[in-house]
Every structure is written in structure tokens, then in C-alpha cells.
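Note that chain A is present in both complexes that follow, paired respectively with chain B and with chain C.
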Partner chain A sequence: MSLLSRPVRAALIAGSMSLALVATGCGSSDPKAPAADGGDSASAECAPFAQFGKHEGKKVSIYSPIRDKEADLFQETWAPFEKCTGMKITYEGTGEFEAQIQVRTDGGNPPDLAFFPQPGLLERFAKAGKLKPAPAEVKKLTEQNWSADWAKYGTVDGTFYAAPLGASVKSFVWYSPKMFAEKGWTVPTTWDELMTLSNTIAGTGVKPWCAGIESGEATGWPATDWIEDILLRELGPEEYDNWVAHKLPFNDPKVVAAVDKVGSILKNDKFVNGGYGPVKSISSTAFQEGGVPITEGKCALHRQASFYANFWPEGTKVAEDGDVFAFYLPGNDPSKKPVLGAGEFVGAFADRPEVQAVQAYLATGDYANARMKLGTYVSANKGVDIANAQNPIDKLSIEMLQDPNTIFRFDGSDLMPAAVGAGTFWKGMTDWINGKDTKTVLDYIEASWPKS
Partner chain B sequence: MNLDFDFAAEQPKLVQLLLGVVAFCAVVALLLLLLDRAPMRQRARLHATILLAPALILLAIGLIVPAVRTTLLSFMNGDGSRWVGLDNYLWMFTQPEAVTVLRNTLVWVALVPILVTSVGLLYAVVVDRTRFESIAKSLVFLPMAISFVGAGIIWKFVYAYRPEGSDQIGLLNQIVVALGGTPQQWLLEPPLNTLFLIVVMVWIQAGFATVVLSAAIKGIPAEIVEAARLDGASPVQMFFQVTLPCIRSAVVVVLVTQSIGTLKLFDIVRTMTGGQFDTSVIANEMYNQAFRYGETGKGAALAVFLFVLVTPIVVYQIRQRREAAR
Partner chain C sequence: MTTVSSTVAAVRPGEESAAGRVRKRLTSRTASLAAIVIAVLWTTPTFGLFLSSLRPEDQIKSTGWWTFFSDPQITLENYQEVLFGTSSSSGQMASFLVNSLVITIPSVLFPLAFAAFAAYALAWVPFRGRNWVYIGIFALQVVPLQMSLVPLLSFFSEGVSVFGTQILPAWNLEGPARFAQVWFAHTCFALPLGVFLLHNFMSELPGELMEAARVDGATHGVVFRRLVLPLVAPALATFGIFQFLWVWNDLLVALIFAGGTADSAPMTVRLAQMAGTRGNEWQRLTAGAFVSLVIPLVVFLSMQRYFVRGLLAGSVKG
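The block that comes next holds the complex of A and B.
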């Protein structure tokens, strides 16, 4: 007995055959005929892109943690580049970059390029042999456009892999210029002045500092930034590098002292948490809302990166004479200017010519300037024209990055092994805010450092 | 937001979809054709082989191979490049933070199935044969329609904290304030925070228990109930001597499914606390280790341990089924 009657079976087979025909028909015909716009007007427009060659019909995929509006601006920036070189860049932003890039690479489906926000993650992929070294052209552009501090973060075991892209400055304290003017407070230039100011503000009945470290599974990271900023000032850049590389133990007495220094603000009920309540409210306040009480006059100071400019309530003017602005988080010595920051690096999983052309383009000053003209953006690229900065805080950031006296160091938690930098360090600092003592927390983080 | 579906832009995906459907039809057609051509004598055996083969192959690719690989990985280091013996398992049972994870999972597995079953059973008995039974059952079943992540977000708002004196946006703190208390940060204080997370799971799953157990109660033969009534059984006696023994197998089903579901629990913890404040459970930690920290070995060890924990429950359930079938 057959499972199906003969006519039914015939129909089924015929049906699937015709489906197959339709499918192949659709697949083979490419409705998008290449636009033949090689006219005179286009050639002038395309002149700056001539050096990147022609890659007609080629495709390059980019995977990145940057999404939404900023992602649209990226695509808008490189649209002329795409048009002139004839290639198509497919951009995919994700909220789960750290986990998904691993999954895609393990699954044999890596993107051509990825924007790594953590040099530590980049290093992991480079060491696993997944990344392609950067071509000579990109290396040359990087040496020309970025400081050695920056180039170092794209280099693994002496091989240069990735050019920097965007940047953000983390060593900022947000405040309200209006409030400061009204009360007669001035922007402090040393740590001691900052503490005096905090006490003065506390004396007026307002808790001077506010903070929020809740960020879903990344809860705790704003507190680690605090620690890194102070460590960089207390230990100096060389010891900071040693600490990041785990040559200086995490529970070293010097580190304990620096963390306690942060604790004199973040774990001091007299100083925090303006507008939100006791110290513990820091760990349940979303980092996006951490500084908002400044606009309500319930808090005066909030340490957060330059990108916090995007999180103020609608209608808040971010400017030196506006509702909110930022000053450099001072250290003990006003003549030295260590700056903590972060940024993305363009790592390549493929070395096809069109992929390398995109890498080279993204490393140019032209790209950074074009991107800046479209909206808020900061790059440590030396080719950046400060006049293109779209707002005062971007301008201030770029000034700091281009200042030759600036000692730039990357956010340490992004450089450490993920188990610490995106795990126990975040978790430990959350526990610390929640009441555990400094030594216990640092011992716990030290013990969690991967051994191998 | 742009909700237009652009067919031209989505064309590659549609083509892929179409290809998938075509391939499926082609394979099925081919199989049927083969079966049809087979000689009469071996047909029964051949039918079994050919029809089972795709399922077995997929099972091997999707289940057996990964299981073996995970087990092997659990004896290797973070990036799977070196054998480390039992180090990952040692870490799991000795490091305080890993032990906390195991302890939390134990609390979940001990509490959730019992709470879900008791709440569901109580509810089913109370609303049984009342006028508003169907409405009452639909109400308690509604949360089942909400995903774990959705429920997590809803309850995060319920537990939300705002400082004393400002407007509370969280229901629980609003109630506390209305009663004259001070607002609490519910999700921050271990060990109580784990209990607050467990409430969410019970809220979602109680409806499932109610529906299954209610159906079982309705299946109790009327003669038994009547005989017990004539013998003068009190409502409490009725429940413990008649109802409960009669629906035992349904209770076991609920307990077992809940135990397995709870062991695998991930979404609620990840959405509500991200495993912070000592609330992490095995599945959450497994994800963190394997995918966020790149510690594949530790992640795999946790996965293997989870598998070992689930196995006896599954075996028990299969035994139960067999007995019931007999």
C-alpha cells in the first residue's frame, strides 16, 4: 500500500517542482542594475575616494555594538564612499555584541569587520587567530593620525590589528553652571578643592554627589570607571598599566587605598546619593538616570563620561553657560592631566581588498570629520577639525584628547579578561556599594582572575 | 517607527524562506517516492527506517553531538585549548560565588514546584463548581500568556524603588508607604531577594497548575465522591483522603514539569537582577561564563551539572508514565 494515493503524490511533486522553479527564478535575477552614474559631476564628488579603488558589486559586512540613531549616522557618513567605490556596506548593530561576536565566529559566520569596544575582547580574538592583521596602509594611517597610546590598544603581541574609530572621555564631572553661579561655587582644579567643595555643598543641606550603576547585566560598570579614574591619578600611568595587566595584584594595598578614596565619596552617606536616597540606592539607580537630579537641584556633581550629554532630560541645555556642563575630574597635581577614556577599534575577520579599503577609509581624518558634521561624535583622530564638533562637550572632549599634555589611558575593565573586566569587577563593585568592605571585595576579584 | 514591510528589501530572506519550504517538500516527496518503490516484502521495516532516519539524524546533530562536546569542554580551560581535569568542577563546588549560585538553584527547586502546586491546587479546589469558575480560571491562567522576560520587566516595576518622600512608581513600595512604612529596595537584599524573584515564577506558573489539576479533579468518578459524602467525610477529609489520592498522577506531572522548568530558569533572573546581589542561578551563570566571560570550560561544567540534576527527574517522570499506562 502506498502512503499516498497516486494523484495526490503527483500533485505534491509537481507542486514542489514549481516552487523550486519560482525560488531559483527569484534568486538568480538581481533587480538592482548598477547605477551608471559615472558622469562629470560624480567624478568631482568621488575624487577623494579614488585612492580606495573600485570595488563594483562587492559587499562588506560590519558588526557593531552601536545601534539606532548613531548607527544611522554611520551609514549616512559612508554612503558617498559606498557610491564612489561601488561596494555595498551592510551594517548590523546589536545589543549583545560581546556574546554574539563569539557565537558568530565559532559558528563560522564572522562579519568582515567588527567595531570592538573592548581592546581586551579584540586581544582574545587576535590570540585565537581569528583576526587578520591590519594592512600596511591602515597601519600607516593609524601611526599618522593617532597617538602611540591609542595605537598600542590595537596591537596584540607586536602585531597591529585594529585602528581606533570613535572615542569617549570618561574623566568628567557633570555640574550645573547655573547652580554654581547662584551659590558662588567655583570649578575645582585639585582633588582637595573638590573635597572642600563637596563639604561646602553638603553644608547647605544638599547631598553633593549623585550616581547610578544599574545597567542590567552590566550593573556596576559606572563604579569601575570611578575606581579606574582615581587609580590612574593615585598610581600614575605606569602602575595603572601594571594593574590592568595584573602585574600589580588587584588587592594590593595601594589599590585598596585608591578604592577607599573613591569610597570617601561613593560610600559616604553625607555625600551621596543626591535625589535618590542612601548609599545603597546607587546600585538600583539606572546609570542613565544617575545625574538627572542635578537638573532638579537635588544634587550638584555627577562623574560620568562625555556620552552622558545624551541622557539629560529633553530641553536641558548642555553648554558652559547652560543648564549642565562638565569639568575635568581633578587629580592631586593640577599640572598633570591623566585622562580615562574609551573607544572602538575596527577589527577585520577578512582580508579581501574591499574590506581593507573600508578599514583604510575609516582610519582617515576625512571619515572622522564627515561623521562629526552629521551629529555628536568624538574621535581621537589628530586629523579631526575641532570646528566640526557639534556641541560644547564634544569640543571639550576633543580638546582634551588633542592636548599634548594629556596622558590617555583606556578604561581598564575593557582591557582585562572578560571574566574580570565584564564580570567580577562589575559584580564586586556592586557588592562594595551594597556594603561589603574594600579588602573583601578586592580579594574576591583577585581570586577570580583567570589562571593560565 | 516604520512598520512598513518592504518586500524588495526583505527579498533575500523571503527567498531563503521559500527555498526552505521547497527543500522540505522535495525531501518529503523523495522519501515517499522511495517508500512507494520499495519491494512489498521488506516494506514494513523499510518504512520504519526511512521515516525514523531524519528524526534520528537531527537528534544526533542537535542533541547528542553537542552533549558530548559540552562534556568534553567541561574538562578543558577557558578557550578549549588545554585539558584541565576536574578544575572546573572544583571551582564550581569551592568558590564562594559559585556555591552561592548552586545554593540559589537549590532554593528555587525546593520552593517553586511546591508553591506552584499548592497554590494551583488550592485555587482549583476553591473555585471548583462555583458560578464564576471559568472566569476565575482564565484570570489565573492569563500570566501564562506572558513571556518570562515580559513578566520579569512587569515585576521589576512592581518592586521599583524611589526614595522616601518622592512618588513611588512601584506597587509594592506604594503599598508599604500607604501603610506608613519606609520604601525598601526589594531586589537588593539577599537572601530575601531570591524569594521576591520566586514570587514571579509562581505568579506565571500557578495558572498552569490550576488548569491541569482542575481537570484532574473533574475526572474523579462521581460515585467515589458520593460514597465519601454518604460516609460523612468532612471537607478536609474529602480533600486529603479522596481528592488528593485520586489526582496523584496529575500532581506528579505538575511537580516534575515545574522542577525541570525551575532548574533551567534563566530569563527572570537575567531580566530582573542580571544575577547581581547574590541571586544568580545555574543557567544564568552558565550563560555568563560561557558567552560573556569566554570561560567555556566553566560554562560547560555548569551545563553538565545542570544536565545531571535534571536527569533523575526525567527518569522518574518516564517511570510514572509507564506505571500509569499499565
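The block that comes next holds the complex of A and C.
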């Protein structure tokens, strides 16, 4: 710091000059704000928000990795809330969330609220003492509206920090209902049926599966989802949790067996890669394009999360009787339905009353329903009315999430230390697709687990 | 190009032989051919990007730009969406363009002014420890920008306190006022190089000139304004262009100090957000990249004359 002091001081003049300029420029626009609202005619409209109190002129900032269209819909959703409580919510979406949130927190400039897509990241901030525990109201709402599985991911060392927000379901296999009807194939309900179906399809000369794991510097993540999905089915939820927490080694024989099970599809030249070529083409195909051959009849099955609905070429009808739809990736036992998924958690860096009001509002069923009415959205909130789902795939996802028999588990790579979950696991899986054997790859990932 | 080099040759006949040999070697046919090949190779990606930006979305996503020649389809829809779309999901580039200008212009002028003053003082105002100050500033160039991001951010948001005593208050800026932070940051980061560059130019000026002016009764202010500034104009232009391009293309500093909201973020931040949460709207990037490219291109082309002169001035004086 001392090195910097001289130019900093020199440049301070510049700063203060501009500061003065800006301050005068700003003054004129401010006084308008309070006068704008305040009509009592809208009181009926505001009745549902009365419980959140009045926070006239207060500001709450939200920082999030969600941007673009979805960000617009967020803002549209809470506009009535803002109007009725009198506060202003500043929303900022960024593609560099993971790095930026750290810089801003270290620099003493954290947002009031952040939507964490990884519980692992949330945990790090909670342990560093940066996050504020959730207020009692939010805790109550979460217990009411979400299953214990979900609440657990917002809890660190016994303290509840963050309520869940949106969700996505990853345990889906996309297929073409039209193609299935034409050929007389049926949706499988067990793993064995799935393999029989794959063989049947392969017999007709079409490669049954297609996949793509290329995603820039995150290449490999779709393959990690595959592995997690199968591990969850093979080992059961308790062992899955142990694996995520590294109580079960990454190269344990049970894990090797599960990965080989995935390999029976992804590394089988008879089964992949429909529309693209041999096994190795998986690693060079963009994940966005991975399932597209289904629409061209060159491939029949593609395992990808619910959000893949956005990636189909324009004009593709996503419905039970349409061009494409998805079924649950079956396990060995059809009576058990573990679901792999992901979602965001609302962590708070401030505990001002208006910030807590926003936290509480986002945890309500009213919010989730209002958001769903505007466009595609999935939440595991139990208060969600399934009739508000905007498309069949959202409906299916919500049905799965709300089913009391569903065992929900979070995407494991988002819970592991970043060096593994966003590093060697991705890279290892890419090598695996490119021809390395299972044991070597798992040994490599095991060795990379940070020791502490 | 030719006029500049011929004047240089005329002014310095002593160096004719060496410079002439180099020039002869560089004006042969093979050299021209190589230059053309390099220029074409260099421009091809940009050209492809430009063609892509004019193609319809489904074409961009399914085929390469070269298919344009067999199946030409042109649309301005990408530009329309990127520039004037009203929802935050489409571009809104027009308003971010203004932000970019508001950030860039002061971020070029402030360091230019301060560096010129400082360089003059260090070169021509005799005071004790002058060389140590200069070495200190020069040494600051080794501090990587990334290292100072967090301290600078906490300087803005928490102020400076030593042993619990607040020395400088926090700035606590919000909304458009955060431009000040970005100006401040860019000025800080530009000064060491700026001072170093301009100091080298100014110290090369003949001392007799200053002495003559002093004898005629000129103060430092007059010498600086009437003598030094016109003489180092090419250097100022060079540093100005460098700084302009750097600030215009900067994402990191803007992301941290300006934030990502529409009232203060520049175009680079917007470009980074525009592809959508899962990168599925990347067709917008082609048009977006071109919009952000236009202004630096205009600046560079209109000031290119100074640029070349500035670089040459440094090389022959060395």
C-alpha cells in the first residue's frame, strides 16, 4: 500500500474534482422520487405486501449470476413489491459472479443480497463470517415451503443462512415423442429397460444417444452430471452425500463401478454419438448442440437438465405430444426416485429491515407464483401452484420436486471444493471421454482433492 | 508514411545509410507480398465477424460465415436488437455507449494532464530528491493492476483508517456517481507509465531552449504551455491513444468499480452479459463487438498521423 500512496494522493485531486461535478449533477434528479408514488388508490393491489412493511426510499442491491431475459423477469416480478413497500431494488447480473463476489466482499463493498448458485460458495462466505444469518421469518417460511433436503443446503454449521430460490432438475433424458410413437418405442422406467431400448434403437441403425460436453473453460461439466446422476442411483443418497463430502474416496471401487456404468453408454461406440460421430466427438461438441440431432432423427436420447428446453432450434415444440420432451432418468428400482438438481440460494450480507423484507418476500409462495406466471421458471417451493407453470417441462419438473417421495440431491460438483468440482472433475471426465480408463481418471481426481 | 520518413531522412542525413538499407530491404517485392499476406491473414477474422453480424440468427448458429458466399442472406436485425432493444435482455448498447464515452474521455484527459505536469516538473524544475521521485514513479509500473483492486475498492467503500482513526472518509457512491471511482482508478493505473513516457520525451528537449525562454522572462507556466506542450504533442497523442484504447477495452476495472447496472456500466461489461445466462444468445455478440469497435477505430484512424510521428520521434531521438 505504501508504494501506491504517492500516485494515489496525486490522483486524489482528480477524484475530488470529479466527485464535486457528479454531486452537483445528481442533486437535481433526486427530489422527484418521493413525489412519484403515494396514491392510496392502489391499496387493494398492495394488500398482499402489507406484511413486509413500509420502507420508503430505502435501497436494496442484489447481485446474481442470472442475467438476460431471466433477469428481466425477476425485476418484473418484484416491481409491485417495490412499489408497495416504497423501496428500490437494484439488480445486477454478471457472468463473473464467483470471482466478483469475492473481490467485492474483500473490498468491503458487498451487495445486500446475493443469489448463490453453489451451496459450496455460500458455505465459504458463511464460514468467513461475511454472511448474516437469516431472520426468523425467513427461516419459518423456508421450513414451511421447502423440503428438509433443500433447507439443509442453506444451513452452515447449524445456522440457517439462505432460503432457496429457483431450481432446475437435472435427471432428465430428452427424447422425441413423435419418433417414439412412430417406431413403437416406450418410455423406460428402469435402467434395464433403458439399456434394452438403447439396444433396440441401435439395431435400427440409429445411434441411440447423443451428448456434448464442450463448454469453453468449463468443458466436461455435462459428463460430471451424468456421473452424479448414476452415483446417486447406485450408492443411494447417504453414500452420495459421503462421496460429495469426500468421506468416500473418489476412486473407491463403488465409484469406479458407477462410472463404468455411465461408460457403458457414453464410451460405447454402438450407442454414441448420434449425429456427430464416434465417442471422442462428445468432447468437441458444444453442450448447447448436444441434443440437437434428436430433431433431425439422427439420435434418440440425450441426458440433460430441464433448462435444455431453451436450446432446441426455433420452432421445436417441447411437449408430451410434441417434437421433444423429457422423461426421468430411471434407476434400478422404479419405486425410488432420487432427483439430481441445482438452484440458487439467497444469501444476505446486510441485516437492515428492508433487506430482510426482500429475503422474506423471495421465500414466499406468492413470489414464486408471480414469477412463474411471467415465464419459464421452476421452484421447489411447495407453495407453487402447478397450474402456473408456463410449459410442460416446467410442469414435469415441479411435479417431481413437489412429490413427497422424491429424494432431492444437489449437483455434487457445486458442493465440492472448487479445485475439484470446477476443476479436476471436469478435466478428468474430458480425459475419460477421450480414452483414458476409469481407474486412472478417478485416481487423478482423488489425488487433486485439497488436503486440509 | 512516405512523407514522414522522407522528412526524417532529410533532417538526419548522417543516418541515411543505415535507415536507407533497412528501407531498401523492406521495399522489395517479396517484402510487399509478405506484408499483404500478413494483412489479409490479420483481417480475415474481423471480416468474418463482420459478415456474421449481418447474417440471420439461425444462419449464424448453424453455419460458418464463409457459407455467406454460396447463400447470401443479409439482415440488420442483430444491430437493431443490440443497439435499440428496450429490455435488458437485448442490447441497449446505445445507452452503454454513452457510459463508455463518459468513462473513457475523463480517464484519458486526467492522466494526460497530470502526467504532463509531473513529467515537466521532474524534467525541468530542479528540486532536491527529484531523481528519487522519478525512480519511485518508474518503479510503480511493476505493481500489477490486479493486486491493487481490492485495496482500492476498500479505499472507496470504507475509507482509510490507521489504528482505528479514520483519516479519509468512505466515498459511498451510488448510481452514476460511481463514474468517479472508475476515473480515479484509471488515472491511478495510467500515471506511472504516462509520467515515464512523457518525462523521457521532455528531458530530450534541448536545454538551451528553456534557458533562452527563462532569460526572456518566461515562468515555468509559460515555458510549459508555449514551448514544451507543442513540442511533445506527438508524445501526448501517442499516450492519449494508448490510454484511450486501454480504457475503452477495459472490462476488469469497470466491472469492479462501475458495477454492472445500466446507469454506470460501459459497453464491455454489457457485451460480457449479452450472451445470456447460459451463453445461448451468442449471435448478439457479433453485432455487439462491431458496435464497440467503431469508436476506437475512428479515433485511431483520425489520430494515426500523430501516432506514427510519435513513435518515430522516440526512435530517432533515443
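Following the convention adopted for this analysis, the second predicted complex is superposed on the first by the 417 of 452 C-alpha atoms of A that agree within 3 Å, B and C clash if a C-alpha of one lies under 4 Å from a C-alpha of the other, contacts with A are read in each partner's own complex, and residues count from 1 in each chain.
Simple rule for what comes next: a residue touches a chain if its C-beta (ideal position, glycine included) is under 8 Å from a C-beta of that chain, and two chains touch if they have at least 3 such contacts.
All figures in this text were calculated on a predicted structure; none of them were measured in a lab.
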| item | value |
| --- | --- |
| First, second, both or neither for A:Glu92, with chain B first and chain C second | second |
| Which of chain B and chain C A:Tyr444 touches, first, second, both or neither | first |
| First, second, both or neither for A:Ala422, with chain B first and chain C second | first |
| Partner chain in contact with A:Glu217 - chain B first, chain C second, else both or neither | first |
| Touching partner for A:Glu314 - first (chain B), second (chain C), both, neither | second |
| Which of chain B and chain C A:Ala128 touches, first, second, both or neither | first |
| Contacts of A:Ser284 with chain B and chain C, given as first, second, both or neither | first |
| Touching partner for A:Val103 - first (chain B), second (chain C), both, neither | both |
| First, second, both or neither for A:Pro65, with chain B first and chain C second | second |
| Set of chain A residues, in rising order, touched by both chain B and chain C | 3-4, 12-13, 15, 19, 22-23, 26, 103, 216 |
| Residues of chain A touching chain B in the complex | 2-4, 9, 12-13, 15-16, 19-20, 22-23, 26-27, 31, 98-99, 102-103, 124, 128, 216-220, 275-277, 280-281, 283-284, 417-419, 422-424, 427, 430-431, 434, 444, 447-448, 450, 452 |
| Residues of chain C touching chain A in the complex | 58, 87-89, 106, 110, 114, 118, 133, 136-137, 139-140, 143, 148-158, 171, 173-177, 179-180, 183-184, 187-188, 191-192, 255-256, 259-261, 272-281 |
| Touching residues (chain side chain B, partner chain A) in the complex | 8, 11, 14-15, 18-19, 21-22, 25-26, 28-29, 32-33, 35-36, 77-79, 82, 95-97, 161, 163-164, 185, 187-188, 270, 274-277, 287-289, 291-295 |
| Touching residues (chain side chain A, partner chain C) in the complex | 1, 3-4, 6-8, 10-15, 18-19, 22-23, 25-26, 59, 65-72, 75, 90-96, 100, 103-104, 106-109, 216, 288, 307, 310-311, 313-314 |
